[in-house]
Amino acid sequence: MVIKAVWIIVLPIIAFIIGVFFLGLSRKVIARIHRRYGPPIYQPVIDLIKLMNQKSISHGRLFDMGVILSLAGSIVLVLFIPFGGIAPLSGSGDFLVVLYLMLLAPLGVALSGGEGANPNISIGISRKMMLSLGYEVPLLFSILAVMTYYKTTSLVEITKAQQHLSWGVIYLPLPAIAYFMILPAMLGIRPFDIVSAPQEISSGPSVEYGGRYLALMTVEHAFHTFIVLALFVDLFLGGGNPFTFFVKMLVVFLLGLFIHAVFPRFRIDQAIKYCWKWPSILALAGLVIAYVVA
Amino acid sequence: MRRIVSIIILIIIAVGFIFAFSKIPFGKDKINVANYYIKKGIKQTGAVNIVTSVVLNYRGFDTLGEVTVLFIAAVGLGAVLFVERKIQKNMDDKEDKTKRASLILRTGSRLLFPLILLFGAYIFVHGHLTPGGGFQGGAIIASGFLLMYLAFPKQRINKKTSGLAESLSGLIFVGIGLLGLVFSGYFLTNFLPKGIPNTLFSAGIIPIIYIAIGFKVGFELTGIIDDLLERSR
Amino acid sequence: MQLITILIVAFLGAGIVYLIGKISGKARDILAVLASLIVVILVSLAYNQKIYTSFYPLPFLNLSLTLRIDPLSWFFAIAVAGIGFLSILFSLEYMKHYQKLDFYYSMMLFVNAGMLGVVLSADFLSLYIFWEIMSWSTYLLISYKGGKAVGAGLKYIVMSTVGSIAMLFAIVSLYTSYGTLEFSSLASLLQTASSGYILFLLIMFIIGFGIKNAIWPLHTWLPDAHAEAVSPFSAVLSGILVRIGIYGFVLVMYSIVGLNLLHKLGYGLLNFNYILCWIGAISIIIGTFIALLQDDDKRLLAWHAIGQGGYMILGISFGTTLGIAGGIFHTLNHCIYIALLFLVTGAVEYRTGGVRDLNQLGGLIKKMPVTFIGGLIGISGLIGIPLTNGFVSKWLIYKTLIMEKHPFLAFVALIGTWGTILSVYKFLHNIFLGQLPEKYKDVKEVPWAMRLPMIILTSVIILFGILPGIPLNVISGIERSFGIKPLSTIIFGMPREIGELNIINILAAIVVAGVFIYLIFSLSTRSRRVNQYDNYAAGSFIPKDKYQYSVRFYDPVYRIIGPYLRDVVDDFYYWLVEKSKSFFQGVRQIYTGNVNTYALYILLFLAFLIITKIGWGLW
Amino acid sequence: MSGIYNWMYYIASGGLILIGLYIVLVKTNLIKIVIGLNFIDTGINILLICIGYVRGRTAPIFSRPGISPANVVDPVPQALVLTAIVIGVAVLALALSIVIKVYQHNKTLNVTKIKGLKW
Amino acid sequence: MVNPSLLIAVPLAFAFSIPLFGLVSKKIGKYIPVVALLINVGISFILIPQILKKPAVVSIGGWSPPFCINLVVGPLGVFLVTLISSIGLLVAIYAISYIKEEPTEKYHMLFLLLITGATGIVLTGDIFNLFVFFEILCISSYALVAYNKDKEGTEAAMKYLIQGSVGSSFVLIGIALLYGMFGTLNMADIASRVTSADPTFLFISLAFLITGFGIEAAVFPLNAWLPDAHSSAPSSISAILSGIAIKTGVYGVARMIYTIFNADGILTFIAFLGLLTLLIGEMSAFRQNDIKRLLAYSSIGQIGLIVFALGIATSLGVFAGLFQIVSHALAKALLFLAAGYMIYRVGSKSIDSLSGLGRKMPLTSFAFTIGSFSLIGLPPFAGFISKFSIVYAAIQVKKPIFLVFVVIALIATVIEAGYFFKVVQNLYFKEGKNVDNVTETSGYIIVPMIILVISIIVIGIHPQFITGLLKGAAGELLGRTGYIGWVLGGS
């Protein structure tokens, strides 16, 4: 019980650190691919401290609360996703709960941005919504394939079933590939950075954010990155202890970054069509196989 | 097209008729219920004319209906051809297109009219004795009026009086029926003494009803003629 | 006696309200509220009772009308009474500017009374009678506003009549076969029936109840009717009236036919349950994704009512403990949040002068905060965000689908949820968020009589979201009465053996995390409040009132999916109606007006009769 | 020969009825149609009389001596015919009056042209 | 015991006396039908309990049954007489102030005679007498249809007259054939002898009779007169024609088939004919824009339903058919009365012009609504019970063909619901164009409508008021040996 309580406090911190690390890493890696030097890996931390002390504007109560809700949702989510076998709250909610809790963060941003009353925000949120509709199709197919295959809705049991190298990716390669293909869309990185495209819509939903708002959003982004990757590892790569878990996350992240960094940015309709085409077909095929096999 | 279809249909119906008629041999004695009337009619009704006894006694109710039908026709005709009095006056004032009848016709009809009336009265008064009766007599009376109309197109019967006569004679018919109900418990029963058959004052209510019918039919038919004549102007 | 009292109060209330209304408008309003309140109280007093009364004999048919209360009927009765009361309360202010209010209130009470009658009936004849009363009074209320509502009302009542005759057919067939119409006796008598007959019955009842419940492909009346009815009545209509269909499904499938027989129907994939759930799934897809395309807020909600109906069907069609519980619970939840959302749109209409076009609204959050919160919580419930009631029921349904190995159905359900998110966010965003147009500068929050129902419904959503055990307890009572293994519940969620769901932990986690972040947030440098025009526009000047970027909010998606999402069923019905109209037109040409022809008909008939006898020797 | 003799009256009555029906079916003039109706009536009256006739017997009026009950025809059809004639007259009169009105309104007697009411 | 012959004699006497009263005052005439029918209603209500105990056979003229005309007052007769005189009474009250076109006293005479004819038809036990009363009914309705003397009325009357005369001729031919075969005119007597006759012959005479009565009953191919006549007559007459006159035709057909000929074989065909009538009627009504024509076509449909129910020929089926007669008579009379006054106020028969009348004429519109709801068969109105019984009866016979029939009949109900609901919406929920100075009716117009509304609701809620009578009536139609027994005294 005490251990659990400790983990409840520690796990978000770990997630935060890993997430921020990935943020910094991605900037560095992309810079290197672009033949730039890039900022130091700890740059996001510096940014955060700076932002917390900057002045900012607010458009109203919801503008504030939305950001808080968004971050709180992400933090809570961390507690439900096993991290190397550690999942302090997984008994209070299964994968379905996770799927729904994943909604809190974008909803918070959307609400907050909505009150921001900036056309760019509206466009950004609209794009975010549509994009999520796009990637949810293959995502749900692959998740359902996993759940069908392992006959459970509990993430803990899914990871448990993948002990001893009997990873999900071996039995369910197609859903895994599909998940991997939409990973950048979920993370909002290239070529799916349409939501926050700085050149087109001035960073979209975060255009009105400054100071502490931007800081919290960055933190949220870090958590989000952690969650998406952790989920992938849990579902397809068999979890493992915290260290191997981290390594697996890192590998997935870098792979994704390398592959996707070279693509140009999609238009939103292209993105949706892409999501609904290959990843969906693969994931659906995976689901059918899982359904037949299970 | 329509003709051909019609003829085919009519042929089918004709075949039906043939089938049906072949089961009713012509001229054979098929009298069933009517034997009762033939045998007991004179005794029961006092009328030697069995047809009359059937019409007014055994099947008196039909006759009441029949009278009603004629009444309806007269009333309905009046209703359908009704014109507001004012308009009619205007028409009268304009001009009268009908020609005056010839002298021979006028004189002849003046001569014949009372005779016709008398004959009609004779027919309906003797309805229970001889062929004839109220309807026939009424029709004869109406023909007398028709003659008068031909001879004197401008003259009219008094609508009010004729209406009253119609109404009263109808009421007499129903009233006699109701009296029968009162006296013997059946509607239209012959509650009066039957008298000696084959004399004028016999057969109880039959002559009374026939007289009423005679007046009624006479006035109704006259009324119908009058109405039609009125519209023809 | 108690049940009879409820119905008498309900029906008499309707009548008296009309008469009083002729004397005084004020008294009528008070009386209407009182009548509906008394019904609520009376129904809640009947909690956990089992009553069975025969209240009206029809000796010439050898039948008597009966009423009963059991967990199922109580559950629906309280929902009916509650929603009825709240929407009448809401009407007090909302309807002020309308005319024919006597008629309106009386019919509202009448619809409620009809629904109560339906759920309290203990035999099919009384159910049918109350069902029809409910149908025609609904029709009158839908048409109440005139204009477009007339067409909507007609569409509704014609489809409803079709449903009624299907139901009537089934009922009469039951009666001729078994000589009784009481649920309890039928339940035992039907156990020996052939499965073909059961299937026939079920299909007929599904047509009957399904048209009310607006399952695909019987849904086409619903969007028009919901959109065109006055908002308080839309709340009743969508919240509970439509869901009386679910009551019917549950009643027929589990209370009367029973699980044993249900599972014997059909072979393999052509199983009855399976087909029913695919119908539900199609309803979800059609409903939520067509909702995405709507620009009229009530129409959008209306399509969601169809979609959410699909979830309920999905839940109840499996006949597992979890599934039935999920389906019934979702019915209740839906009734709460959709009623709330319709009241919200009503409030917005009330203050903006009847604007329903999402593209013309915006930014009302600053003017109508209570309404906004209602809307927010309402859509959260509709989506099923954790901590709102919709979450628990949807969770139960998904869980059932995955446990029963129907991943494809689960996919449909989940993707339906995403469609829901998109469309209801648009609903919320376009009404309350974004720029406030100049013309709504002086809009005020709605009066208390309208706020109160919204507040009550909002708190119920949260309450059931956090303490799902309260309603689930009643629902497990319902399941017990069906003879199904009842759902074991704890107050905060599900016990361990069913699945991992403990709302209180989630709540605690979110609250703690939220408070923690709020602390950090407020410790950091303060921010400055600015007005809505003071924001970043890349340096360009944006004129007022041209600042709406919410028109055609999801345009790229429309372009991709729009062509596939035509309501073909509706088109088909219209085509059918048009074709039959021209056919009818043709039929009446036989009355040509020519009397020769008429005589020809007569003789043809005679000749036909003769020829059948002589020619063919018939008869 | 006796066959024809037996059938003659039936043929007359049936023929009148059929002719009347034919007129009603085919003729377009209202007056003619009314006359056709009258044909039918007459045909039926003859039919009734035929049915009541017994060969070799006399009218059922016992006003002269020598007429025995065994020697008279059926009185009932005669009574019926009386009624039927009156009804026929009534219908005829009413029909003509209505025709007069129709003519006033339509200025024609052609039924194919009087089609104000249809469908 | 009141003598049932008074039921005919009283209105007849009053009808004949109207010109006499006219001498006293022109105004009395319009009250005479009310008085006469009030007496009739009283008599029939006194008769009901007595007749239910023991049917009465009353001879006219005092001879025993086969030898004279007699009235057979069984449950069916007394039921129909009560219906006829009640509806007649209400319509007579309505007509007091509705009929303004001269010559009103002639109208009232004809009206009273029409009712007399209908009463005679259902009471008489003699087939030729039936024909006579049938003619009374028909001829007075020809005259009344033409009563307005306008273009439509006379045209409709002309068409009605031609078809009606052909029909009566057929009836007379049928009677002549029957007389030729059996030598008797008493229906019970004929009924007791039919088994001895050649079946082909019997069928041909039955064909003539069915066709003849079918024209008045407005069964499908024979009903072309109905829409014209019902829509062009004065509305009070439309109400009577729809409410009563066509029912007597149905009575005629039913009496012939059930009692006289015992023609079981044709019953399914009759049911089919009814169904066809129902479909054609409802389909034709659907596209109408003339409110009275719509109601007229709806009458065709409802008659089809009645005939269908009678064709089921189980005791429940006949019961249901008779119940439908009641509910249709009440509802359709109500509809015609209400529509009649709306038309009078608005000045147009088109449905569109009735828009918005719900506000201006609330009571009339309410009456119209109740009537149409009852016709559609919605609870808690009378029409529901009858429709339910019909469906029940049709399914109960357990013949596949009747299952198909009942499905089709129910589909026709949907069509009917479609157009009636449209009209109701028109009344209440559409903006009226030129109804500003339309006012509500009052007095003699509204009373009958209110009574009809109340009776529709009361019968709908408490059908037991009439079910006993209807059961007896159904028993009379189906139990022909009983009928023969009453009249001829055997068994």
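All chains are identified by letter, namely A, B, C, D and E, in their written order; residue positions are counted from 1 within each chain.
In the analysis below, a residue touches a chain if its C-beta (ideal position, glycine included) is under 8 Å from a C-beta of that chain, and two chains touch if they have at least 3 such contacts.
These figures come from a predicted structure and were not determined experimentally.
Peer 1: Can you list every chain in contact with both chain D and chain E?
Peer 2: B, C
Peer 1: Using the touch definition from the top, what's the fewest steps needed to get from chain A to chain C?
Peer 2: 1
Peer 1: Which chain has its C-alpha centroid at the greatest distance from the C-alpha centroid of chain C?
Peer 2: The most remote chain is B.
Peer 1: Which chain has its C-alpha centroid at the greatest distance from the C-alpha centroid of chain E?
Peer 2: Comparing chain centres, A lies farthest from chain E.
Peer 1: Could you please state the distance in Å, as a whole number, between where the Cα atoms of chain B are centred and where those of chain D are centred?
Peer 2: Distance between chain centres, rounded to whole Å: 16 Å.
Peer 1: With chain centres defined as C-alpha means, what is the inter-centre distance between chain B and chain C in Å?
Peer 2: Each chain's C-alpha centroid was found; their separation is 73 Å.
Peer 1: If you average the CA atoms of chain A and of chain E, how far apart do the two points sit, in angstrom?
Peer 2: Comparing mean C-alpha positions, chain E is 78 Å from chain A.
Peer 1: Can you compute the centre-to-centre distance for chain C and chain D, using the mean CA position of each chain? Integer Å is fine.
Peer 2: Result: the chain centres lie 68 Å from each other.
Peer 1: Note the residues in chain D that touch 2 or more other chains, in rising order.
Peer 2: Those would be 17, 21, 24-26, 33, 51, 74, 76, 80, 83, 87, 90-91, 94, 98, 101, 114, 116-117, 119.
Peer 1: Please list all residues of chain B that touch 2 or more other chains.
Peer 2: 2, 6, 9-10, 13, 16, 19, 24, 30-31, 33-34, 37, 59, 62, 65-66, 69, 72-73, 76-77, 80
Peer 1: Would you pick out the residues of chain A that each touch at least 2 other chains?
Peer 2: If we look for residues of chain A contacting two or more partner chains, we find none.
Peer 1: Of all possible chain pairs, which ones touch?
Peer 2: Listed by label, chains in contact pair as A-C, B-C, B-D, B-E, C-D, C-E, D-E.
Peer 1: In the complex formed with chain E, which residues of chain D make contact?
Peer 2: 17, 20-21, 24, 30, 33-34, 37, 40-41, 44, 47-48, 51, 74, 76-77, 80, 83-84, 87, 90-91, 94-95, 98-99, 101-102, 105-106, 114, 116-117, 119
Peer 1: Quick one: which bits of chain E touch chain D in the complex? Just the residue numbers, please.
Peer 2: It is residues 128, 132, 135, 139, 142-143, 146, 149-152, 154-159, 161-162, 165-166, 168-169, 172-173, 175-176, 179-180, 183, 185, 227-228, 231-232, 284, 287 of chain E that touch chain D.
Peer 1: Using the touch definition up top, name the residues of chain E that touch chain C in the complex.
Peer 2: 158-159, 162-163, 166-167, 170, 200, 203-204, 207-208, 210-211, 214-215, 221-222, 224-225, 227, 263, 265-266, 269, 280, 283-284, 286-287, 297, 319, 359, 373, 376, 378-380, 384, 388-389, 391-392, 395-396, 398, 406-407, 410-411, 413-415, 417-418, 421-422, 425, 428-431, 463-464, 467, 471
Peer 1: For the complex, give me every residue of chain C touching chain D.
Peer 2: Touch residues, chain C against chain D: 588-589, 591-596, 599-600, 603.
Peer 1: Contact residues on chain B for chain E in the complex?
Peer 2: 16, 19-20, 23-24, 30-34, 36-37, 44, 57-62, 64-66, 68-69, 71-73, 75-80, 82, 84, 163-164, 166-168, 170-171, 174-175, 177-178, 180-181, 184-190
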